[in-house]
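In the two complexes that follow, subunit A is the common piece, with subunit B as its partner first and subunit C second.
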Partner chain A sequence: MIIWSIAKTTVGDALRKKVLQIFLVVAIGLIIISLSFSQTLSFSSRAGSSTDIMLVKSFGLGLMAVAAWLISLVMGVSLIPQEIERRTIYTILAKPVKRYEFIVGKYLGAVLTLAINVAIMGVVFIAVCVFKAMGAEQPIAPEETGLPIVGMQQVGLFDWNMVWGVIMIFLQFTVLTSVVLLFSVFLTPTVNFFMGLGVYIIGVMAPLTETLSSKESQLHPVLKAFYRVIHTVVPNFDKFNVTNTLLHPETHIESMAKYTGIVTLYALFYSLLMMLLAIIIFRKKEV
Partner chain B sequence: MADAIAVRNLTKVYGGALKDRVPAVDNISFTVAQGEVFGFIGPNGAGKTTTIKILLGLLFPTSGEAEVLGKPAGDIETKRRISYLPESPYFYEHMTGAEVIDFYCRLFRMGAAERKAKTQELLERVGLAEDGHRTLRQYSKGMLQRIGIAQALINDPDLLFLDEPTSGLDPIAHKDITELIASLGRQGKTVFLSSHQLGDVETVCDRVAIINRGKIVKIGTLDDLLRAGRTVITFAKAGSELVEQVKPYAERVSADGELVRVYVESEENVHSVLDAARGKATLVSVLPQRQTLEDLFVEIVREVRK
Partner chain C sequence: MPEGSSKPLWVLVVILLLAVAWTQYLADPIQYRMQEKAKPTSGGGELMVQLPGQFIVASVAGFKEVIAGALWVRADTFFHAGQYEAIIPIVRLVTWLDPHNVDVYSTGAWHLDYNFVDTNQMSDKRYIPAAVALLKEGIKHNPDIWDLYFELGWTHYNKKILDYEKAVEYIEKACTKDGVDPNTGQRVPRPEFVDRMLAHMYEKVGRFDDAIKQWYKARKRVEEAIARERKKKKGGYVDTTSLDVCDRNLGLLYLRLAWRYGDMEAYKKGLEIYKRLASRKDAPAQLVEATRGAEADYARRVATNNPPRDALKPLDAGFEVTWKKVAPKVFIIKGKVNLVPASEYKDLASECFTHWYRDNQNAPPDQRKLWRDGCRIRWILRDYDYKMPELKTFSYKIDKTKTIAWDSVYVSGGTFSDRIDLSQDPDFYPFKADKYKLTIMFVPQQAECPDYVQDRIGWKGEALRDKRYLDTKTQPGFHLLRKEMVLSKKDVL
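Let's turn to the complex of A and B:
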């Protein structure tokens, strides 16, 4: 009950933040504008074709990821410092509230805020994709197969892959939120912002750190060990980056539901680990 | 009966560069009895809020012990029986007054019906029954302070920590809150009151501690601390001869039209002045004046600064 109360209050507070509202509105606006891309961009000349739809999907998923990234970072960095600065934490922790309840409540509130924002963007994005797909056609025998085009067929209106894409974006940034929540226990919001940014960039480059730390790598053993530590400790955000896979049927994952399940477990495990560390540090934190 | 608060050799040094480490609280010891209204006064930066935060478990002592209601400070079960009103409290502005109280009720794991009744009762008690539906963004400072008081009364606490509860309030709100504190004292609640409003402290507190630069420099009941001051004797129709005659016994003599006021320090001199004036002037009044807490506070702080 206490955790839920703190979470609800966090959501109410976060949703009223002007800066987060701006991120959301701009992202929605750009997703809607992407409807007219085929008419304006020279590299996509076949209006109403499957290429245009792919462009809208690719742009929309990328844009949602950027907006969710900004939302989780901007909201996450101030989760704890803001409570201390505004002194709301004093009246809460002076009540019979365990410190872990406060941390879990704040994280849950942040995740709910992220979920609401991603869900709103996701609904608009999928609606835009459906609208774009209306009346659009694609070749029956695609060029990539080397076979001649035997005709055109109607593009499917609803693409489940887009739903998986939205879920992946949400999962990815629940992990980033947990990282900045941990940092917010002991770092100022500005330092935390750049730390969170750094962790995200390194996490996205997980395939590179994996290669650099592999046995085949020509690097000095000390450097290899360093990259191994980085690769192990920093969350692998690349796992969540499935845009290409979702957009290109030839690279599609065998079972998207199964993959999402595994990635969900990964996000859950990492978030719980971050929360555990945050709770341990916050137990002795002076406020 | 066990003390409500027991502090023994408590020291708090904040982190930072070693050369900057000055104790915010420096080896202080004191107790507060149950049912006592205890004033904790001192200039800005004296260590008042640090002490309160240690007693609430928000800060941890560098050394020494702090007990609240017989348990170490910060004990979660003890928090069911205490409450805290911080200086200039801030609450979530997007919530209404009623929602804020409901939120704090939830922190005590109260059920829906109990929360509803409690919210109504407390809003009425602090005079906000008509404004409970308005968001805190629309509240004045005095109204926010009243919400702060309301959240501090949710659990009908045995011990209340009030940090500057009347700071920045208009005279009506000020009076209401001072009366509320006095009524809590009458109900047998223990109140730990930190305030710069020395008149309030003098009115409502049973005992007072003065803290300066982290050290307690005076502690005791107001009767113990405030010495009997001077006596003002007022005469009418006193001639210049009498004025000259009483001057050796007086600290000061002032004339105001027909009235002459003689300010006398000791009881012995009061008798000497009255004897000297017998038959030479009309005695209007003899008023003993006790030293005020403000006088004592200023005297002590200036002395320490010297």
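Let's turn to the complex of A and C:
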């Protein structure tokens, strides 16, 4: 009950933050605008071509990821320091609130805020995709073969893959939020922002650290071991990056439900780990 | 949870660390399969190492496909500005950023094949291996759809490299795959022309039984597609042209097997198909007349036990070729080939169907043709030891010390002549080798040999005879005309 109260308060505080509202509104605006400029990038003379739709999806998912990334970073860095700065933490901890309850409540609130934001963007994004697919056709004979186009076929309207895409974005940033929460226990918001950014970039580049630490890598063993540690400890954000697969359904996304399940567990375990570390540090912290 | 004790929490930390590692371990193989159907041999990490900084930023920011789209537009700008060299690195980048964009592979391969042209608009053949490697890479990333198998089989092996057996292999693979809805990923049947093309290809390589079976298969698929369409449109208009295309082609295959090799059973089957087509109300008058002609011919031959064997009657090709250097790297090729005098059509079995000879004889004398033109003679000039490389991985860096060129010459009135000017483009034709091979040949299989010529010489050129240049070894079972000359550097420069 205490955890839930803290979570609700955190959500209320976060949703009132002007900066987060601006991120949300700008992202939604850009997703809608992508309807008009996607054709410029699609290399196709036909409005509503399948490439055109693919670009709307790519741009939309990318924008949502950037917006969710900013939201989780900006919101996360101030989760604990704000309470300390306002001195409200003394009032909270003076009540029968355990420190772990405070941390868990804060994290839950942050995740809920993220969920609300991603859900709003997701609904707009999927509506834009459906709108774009209306009346879109694609030729069923490639021009390069020298054969005439034998006909056009209507593309399907609703793409379930985009729902997976939205879920993956949400999961990815619950992990980043947990990392930023851990840092916010002992770092100032500015330092935390850059630390969070660094962790995110390294996490997204997981294939690179994996390659550098692999057996085939030509690096010195010590360096290889270093990259192995980095690859294992830093959250692997690349696991959530399935946009290309989702955008090209011809790759036959096998076991997407199973994969999402495993990745959800990964996000859950990693977030729990970060929370636990945050609790351990926060218990020792003089507040 | 007691606030004082940290030990249980550290135990939990260890357990969670293990759980994190375990879920990563579970997710890895599925992720690899999703990304490339298997663990990548040149993984995403390696690609990122090779990518310029701004593209790493792009891929990190999650806008890979948008960046790929923007680069592709940039490629279009280069194309219109004639900066063809700049396009290929962009193709490389776009396929790295978006390895499932099938259009980029096929357009990139087309670009490599056709757009690097010399002053005489002849393409640089040294890029063909790169185009093939690019398509093969595309297939590796997109193995479950028909598109790139078809592109590789039909456009490359059939039309460019003239390796018909390999073309059949790839189109056979295309015929085992379907397509997908580009928006939802739902399976959609592959277009019918893919199956029809396989039947044509079997015919080309002389696998007539397979061709017949394939026509029936293709027809069945078309029937199923029409049934689906009728169900969907509930009695509305449904286009059945594809069905007619299958019937006409299958019918003609049967008839040609009869006319060319004397298979009377095939004649009967072909006629049955054509009689059915001709009996329709909307049948064109020409088709009706052709069918009647074939019917009468069939009856006469059955009565006299005289099956036609037009492709087995020898035809002396009288192949003659002369070659002359008129300036350094400029040559004139001239020659004669007996393909095909109009008189050869007088008693051909196919005449009952086509009536070409009759119509030609009835034409005013000044319009009457003495030859039935349409063949082309192919020439290939290359370094003596040149062998087209097979690239294991796509690379657009070509060996600029090699020389390879080919083209074909139209045969008109039984003669051909071509001026080959390779002097203006030293980058294309460096002539660094000491010896060269000039091959001038006629291959009955190639697209430049029309059906009406094959009616006289057969699919495999069985009728062709020539005292000097008949080649029956290069392609067992086929009769080719081939003259090969070894040229020294002095001959060329």
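We adopt the following convention: the second predicted complex is superposed on the first by the 267 of 287 C-alpha atoms of A that agree within 3 Å, B and C clash if a C-alpha of one lies under 4 Å from a C-alpha of the other, contacts with A are read in each partner's own complex, and residues count from 1 in each chain.
Throughout what follows, contacts are C-beta pairs under 8 Å (C-beta built on N, C-alpha and C of every residue); 3 or more make two chains touch, one makes a residue touch a chain.
Model, not experiment: these values are computed from the prediction.
Superposition of the two structures on subunit A leaves subunit B and subunit C fitting side by side, clash-free. In the superposed model, A:K98 lies in contact with both subunit B and subunit C.
In the superposition on chain A, A:S5 contacts subunit B only, with no contact to subunit C. Subunit A has more of its residues touched by C than by the other of subunit B and subunit C. Once chain A of one complex is fitted onto chain A of the other, the partner contacts of A:N244 are limited to subunit C, with no touch recorded for subunit B. Once both structures are fitted onto chain A, a short way to say it is that subunit B and subunit C open up an angle of 170° at subunit A, using Cα centres and rounding to the nearest 10. In the overlay built on the shared chain, the residue A:S184 is in contact with neither subunit B nor subunit C.
Applying the stated contact rule after C-alpha superposition, one finds that A:R16 touches subunit B and leaves subunit C untouched. Once chain A of one complex is fitted onto chain A of the other, the partner contacts of A:T211 are limited to subunit C, with no touch recorded for subunit B. For the overlaid pair of complexes, the smallest distance between C-alpha atoms of subunit B and those of subunit C rounds to 9 Å. Within subunit A, the residues touched by subunit B in the first complex and by subunit C in the second are 98. The part of subunit A that touches subunit B in the complex is made up of residues 1-2, 5, 9, 12-13, 16, 86-88, 90-98, 284, 286-287.
Note for the complex: subunit B touches subunit A at residues 53, 56-60, 76-77, 79-80, 82-86, 88-92, 94-95, 103-104, 106-109, 148, 151, 155, 161. Residues 40-43, 50-51, 53-55, 57-59, 61-62, 65-66, 98-100, 133, 136, 138, 140-142, 144-147, 150-151, 153, 155-161, 201, 204-205, 207-212, 232, 236, 238-239, 241-245, 247-256, 258-259, 262-263, 265-266, 269-270, 272-273, 276-277, 279-280, 283 of subunit A touch subunit C in their complex.
The residues of subunit C lying in touch with subunit A in their complex are 1, 3, 6, 9-10, 12-13, 16-17, 19-21, 23-24, 26-27, 30-31, 33-35, 37, 43-46, 48-49, 56, 60-66, 69-70, 72-73, 76, 98-103, 106-107, 109-110, 141-142, 144-145, 147, 150-151, 154-155, 159, 179-186, 188, 191-193.
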